[in-house]
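Quick one: structure below, then a few questions.
Note that the chains are named A, B, C and D in the order they appear, and that numbering of residues resets to 1 at the start of each chain.
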């Protein structure tokens, strides 16, 4: 979203022209006069990593500074990393069920992450469970305009070193300010076939 | 994607003009000269309904005409209703797990729906299980260009009247030909808390 | 961008189901849980009309209240109706030429509309020229996501009743806040063949 | 639009994990499982260059092989480089005027480029005028999804070495097959102020 003075660059073709042509020195003939609202694979990976870091930060904050601090942090994470500011987010957390399966509002998402909301009595605070590490195993990505879809496995490591694996789908959307936000999040425990 | 002759329509403003203005007779001042690649909520609902109808059609075909006919139909459904023609589809079926959780290729999707593929030994054919009815309970939709995201519960009814409920996320994409295709599909059994 | 409580609506299919299904009462099965960032033909027409009204308002303000008031109004119009806030706008006004043909910055656009900027010595203030009426004759529109392209003739009527016709191309973009902005504007006098 | 086998790549964070993590060897964690429908600045520049080359090729073909060959080539260029296959193209050629200013149909575009169509009696064949060189001076580009907007000056050189400059706006759109097409083209002679 940068504005710069006109970069005079040329693409010239075919024959020796009688006019003097400036050499093409910029990366592209558009110089810095480029507005590009599309999301990139690198931005998607950075957003996934930021989600993992945020989860761990909430866990550590809870262990070190208590629930109020963890809740404040989770609130900030939801404001900046999710798209509730633009309307309902399609969020199906791992451990929700029944009438409260989907958390299309920020209040519902916050309850899931840190618990303590009497309106969501089954929530015990997923982000408070001592998470210390994360890893992503992406199956594929589809990028379309300012939106990207990812699906894969996410491995979360607890304080005891135990790894929890979930199947996770995300849609990320880059807003006008260039901020990448989660607008869809479906997480589920792996299917366990009957023995 | 229609081409028609130029419709002369006007939006005029502010003051009585000395020029003769044609009356605005068309729905819009663009007449039929409109190209619109965006997807609509109605198209999304139609695609959901088509998915339900296709599942039931495969089940009934299997019961009435056998596996080969069901497999041929499932193959056609995957060709027309999913986006494998444009690259990997982000598909996490309800009952897959482990290394074969994600079915980014058409072969993997076909194996899931009708089974009988030695490369996918755990697949028993989800679409063959006697489905006779479906219902959708959408939590929300987000529409962005030619792509729409939905999340909600899907209820499938078997021949015995038993209802199976799943949590389902879809991304639908409308292609250049106006065909709406599933490019992301995450289905999971509802979380069941430990008793 | 509205958030509402979950509307439970269903699409059901194929057979009489043993489960009770709620009647589909909302316009769509998504109820009010819809986020749609796409631009519509109606929004494009409204933005064209707003451009015409703004031009006339600047002209009248100049005639009735002088240059400073007209300049302040033009500044507001550029802030709200054009996309300079997101980067360079592709603006080729009708009467510019040479090295200052393109006005990719707001300063350049303001100079064109109200003049009086020594950095743009050829600008005499296009919006100050007594415009009293406008009419659009759109040739076609192409809509793609949050962006729409229009091309057509625009007829502007002066205080003397004389009509000036230009060939005009616009690209409109709807931002995150739902505001439609001009991000491309190419205006040119009709070609006049040599006699 | 490529399908490849699942690349297992990881982004891992925060702490040494007790699980073995594969090294990240691919360019991104998505490996080759990427579908990206967005247009790039490089694709836009290539499409501009292709337009210049095509214009010169039509001119040379006319000079060397005559009108029928030039018309056949122009027809192919319109089929592959313009978006008439998807509906009306917003095309305002440099030298058109009056009721035939806009060429939203392929027939109108072909008439402009090679003439000889009694339905467009004022067209003398712009592409037949001995063009031998081209150069672009882009003012800016705006990229949004599969669509890009450019504006700038285009300099065309004739057989006599004389350079004709036009102000030109293009919208390019990348289709499902990855082909970049012109869907909007506004060309105008530079404004010449009264002496």
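Here is the rule we go by: a contact is a pair of C-beta atoms (placed from the backbone, for glycine too) under 8 Å apart; a residue touches a chain by one contact, two chains touch by 3 or more.
This one's a predicted model, so the numbers in the text were calculated from it and none came from an experiment.
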Selected interface, C-D versus B-D, where C-beta contact pairs are more numerous: C-D
With residue numbers as the basis of comparison, which of the pairs A-C, B-C or A-B duplicates the interface of A-D in over half of its contact pairs? B-C
Centroid spacing, where centroids are CA-atom means, of subunit B and subunit D in whole angstrom: 32
Based only on mean CA positions, could you tell me how far subunit C sits from subunit D in angstrom? 24
Per-residue overlap in subunit C, given as positions that touch at least 2 other chains: 6, 33-35, 87-88, 102, 104, 139-140, 142, 144-146, 150, 183
Which residues of subunit B touch subunit C in the complex? 6, 8-19, 21, 28-30, 33-38, 41-42, 45, 48-49, 52-53, 56, 132-146, 150, 155, 157, 161, 163
Which subunit B residues qualify as touching subunit A in the complex? 87-92, 94-98, 101-102, 104, 122, 139-140, 142, 144-147, 149-153, 167, 169, 171, 173, 183-184, 186, 188-193
Looking at the complex, which residues from subunit D come into contact with subunit B? 1-3, 6, 33-35, 84, 86-88, 102, 104-105, 145, 175-176, 183
